[in-house]
Amino acid sequence: MVLDINHRNMIARRAAREIYPGMAVNLGIGIPELVADFLPTEWNVMFHSVNGILGVGPTPTKGEEDVHLFNAGGAPVTIHSGASFFDSSIAYGMVRRGMLDVAFLGALQVSRKGDLANWIVPGQRVYGIGGGVELVRYAKKVIVLMSHLNERDEPKICRECTLPLTAKSCVDMIITERAVIEVTEGGLYLAEVMYPFTLEEVITKTDAPLIISENLQMYD
Amino acid sequence: MVLDINHRNMIARRAAREIYPGMAVNLGIGIPELVADFLPTEWNVMFHSVNGILGVGPTPTKGEEDVHLFNAGGAPVTIHSGASFFDSSIAYGMVRRGMLDVAFLGALQVSRKGDLANWIVPGQRVYGIGGGVELVRYAKKVIVLMSHLNERDEPKICRECTLPLTAKSCVDMIITERAVIEVTEGGLYLAEVMYPFTLEEVITKTDAPLIISENLQMYD
Amino acid sequence: MAAMVSKLITMEEAAELIQDGIRLMYGGFGGMGSPDHLIDQILDKGVRDLTLIGNDAGFSNRGIGKLITQERVKKMLTTHIGSNPQAGRQMMEGKLEVIFFPQGILVEKIRAGGVGIPAILVEPGMGDVTAKKEQLIVYAGEKYLVEPALTADVGIVYAKQADTYGNLIYEKAARNVNPLVAMAAQTTIAEVEEIVPVGELDPESIVTPGIFVDYIVLTRGGNG
Amino acid sequence: MAAMVSKLITMEEAAELIQDGIRLMYGGFGGMGSPDHLIDQILDKGVRDLTLIGNDAGFSNRGIGKLITQERVKKMLTTHIGSNPQAGRQMMEGKLEVIFFPQGILVEKIRAGGVGIPAILVEPGMGDVTAKKEQLIVYAGEKYLVEPALTADVGIVYAKQADTYGNLIYEKAARNVNPLVAMAAQTTIAEVEEIVPVGELDPESIVTPGIFVDYIVLTRGGNG
């Protein structure tokens, strides 16, 4: 299932609630790029882009794009007050030194143990290992933003990933258009079901056991 | 023997003749620092300083010193047109990438094989290994500028160094107040005797066999 | 070794430096900060069998991606090819060998080449997906992967400004991997928007010292 | 994790962060670009048993050298101590342990610490004089020395300007090892000549991004 912009924005808006003032946050390619638009500027969240920006600002208005100011996903951006430019080796220095509070990224599959697959579909599509492997290891919290189902309407959350892994046991939370799921020691913990989906629609479209929160929020 | 400023300048002036227009040159601490003053500015020699300058210019006139513009030896300097500032890791990047045409440095002892000792006099004085060890390895030509004799009037050019080595077989040329000596496969080659010293004064004050040039220049 | 004469050459002269079969390293990230006009000139010259080293495969119809689309590349050392489906297709068809590194490790390998450090050690778990067994070593009781430095025959970068000595200043996010590539190649060619007389750039703001840059071409100086 | 409040603290507050026995890394080269006023404050506080990591031992009566002269240092990892005869004397008397590294290798070890690379490999012949046998490894048929990254509990650096977020701009040759030290410490304190509101520094000219800087003190803000 390919998500429309409303669903993508809904996921991004929910993701923004995981961010607190003053945090340093990396936004991966895809839905994560939308997250910045749902945060108050005065929170001074410093968005990090591996191509060499700290302090990425909101999307510019059409026609105001700067030809030299794009994020790692290739989308035009602006800069926030206090931003700096540097080469990519310094960008990854920040990553490895554990300076990112949250990393958001997309995924092809996530397992019940938090394994992540997002770099290749053998025989079909090769993305490449990219920066994800270091981001998911060193960021304090790793949150996957993705559609609940793939293009053939199969669950992307599964017992074991069938696609080659990018990294093992690295995902802390999954946010889809249907649910917010935390990866815990005991397994996948269903924290929220997103409007207008039902609990049953989430359970049947997830290929792994879910621990249902006692305080399950049914609507966002 | 501690050299007076005239002798030091004489060595530096002779050393300058080893430099050609457009070269990149590192000047070590001591007599090497004087070399820049004997070169025409229009030669655009780029002097490199390991504290993070490429394009060191002449010594400033008294009273015109910039508190933030010193060379690696701690002497006030100016900058040449085209100069740049960077951190020391980049300065050594230039060294290791073989970008220095000549490195001038001081020494406590040099052996007939071109071994260099300049970091410690056990029990008496510790200088530290410094940057010399990388400069002498990667510079295209390594020239030692030093007094011919030490403080106790003992030869500093010797069959084998008695002091702990900084690096082996690295020196290409030695310039003292008495002589210009090239380190060759066959041994030390005496190319020039400096005014007012005699050939005999050089030979008796050098603790290693010298091959005398057929075209020995007696005066500078 | 020459006196400080300008390093400015024409696009055609620059393309002559790119021979068949060389290791070509390139700056740019997702097509941004890429020496696009120089790449067009290299394409026009008809170079082939290149080994490319750089961050990503760009786009199929732009910049470095064109060299792939037109099948001038036999091997790539890179991190991401998702934005150029041509690269993935050629890889699956066995026409293009692709060696992947985690992005932060790739850029450190390039920087190591640039400053003459033979290799870095990285934590296992980083790049295990793509790393080979022989890279694994144990040192002081801990496991590491050896990641050798990367260098290249020729490096091509994009900058906003150069002086005639080759000092470079970049522009915003077009900096990306360019300063690293500029240091890591045997011969470095910078495509720049503007060239100024030596002495006109602020020595404090220069990002790549000119000693690393061999030649400069002007973006508007070619056929691009 | 707090909102963007100023990182400016007083000299006294900064000195409180320097505890007895810590690993203290410092910027500066031959006394230039050294956080001299902060060092004076650390001295006044009476800290002892420090392990110092930095380029050189400075001068006996200035900057970092004062900590050595006043016998507050038990160990140094450095490259050159010739300009501070006190350091050599204490070393020969066995009062001060000094571990020497070739200078270019020391700065790469500090940078590796700063960017989170566990170690670098260097060519044998580099630092053999001071290196230990166990550092020697063979990889792909070649010999290398393993040089582990250096980090520290606290790093103190000197810069010309900071904004309240901690972005730093240096001044000419006072840059030297400061940007490397700023990245490599657990807690980094920058002594600066001037602090400006966030947003006033050119993002292109910032050398050390503020995320690496925890606290700022003003040179004229202490008792120095």
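The letters A, B, C and D name the chains in turn, as written, and every chain counts its residues from 1.
Keep in mind that, in the parts below, contacts are C-beta pairs under 8 Å (C-beta built on N, C-alpha and C of every residue); 3 or more make two chains touch, one makes a residue touch a chain.
Quick caveat: nothing in here was measured; it's all calculated off a predicted structure.
Common neighbours of subunit A and subunit D (chains touching each): C.
Of the two chain pairs examined here, B-C and A-C, the one linked by more C-beta pairs in contact is A-C. Look at where the CA atoms of subunit A average out and do the same for subunit B: the two points lie 57 Å apart.
Distance from the subunit B centre to the subunit C centre is 36 Å, each centre being the mean of its Cα atoms. Each chain gets one centre point, the mean of its Cα atoms, and the points for subunit A and subunit C are 29 Å apart. Once the centre of each chain is set as its mean CA position, subunit C and subunit D turn out to be 32 Å apart.
Shown for subunit B are the residues in touch with two or more other chains, namely 79, 85-86, 89, 92, 95-96.
In subunit C, the residues touching two or more other chains are 108, 115, 117, 123, 170-172, 203-204.
Taken chain by chain, the contacts fit none of the simple shapes, being neither an open path, a ring, a star, nor a full set of pairwise contacts.
Interfaces, counted as pairs of touching chains, are A-C, A-D, B-C, B-D, C-D. Contacts from subunit B toward subunit D in the complex involve residues 29, 49-53, 66, 68-74, 79, 85-89, 91-92, 95-96, 119, 123, 125-131, 133-134, 137, 164-167. Residues 108, 112, 115, 117-123, 134, 137, 139-140, 142, 144, 146, 148, 169-172, 203-205 of subunit D touch subunit C in their complex.
Residue ranges on subunit D touching subunit B, taken from their complex, read 29-33, 55-57, 78-83, 85, 87-88, 91-92, 98, 100-105, 107-108, 111, 123, 125-127, 129-130, 160, 170-180, 207.
Interface residues of subunit B facing subunit C in the complex, by the touch rule stated above, are 20-24, 42-44, 46, 54-55, 79, 81-86, 89-90, 92-99, 101, 138. Subunit D meets subunit A in the complex at residues 1-5, 114-117, 163, 165, 167, 183, 198-199, 203-204, 206, 209-212.
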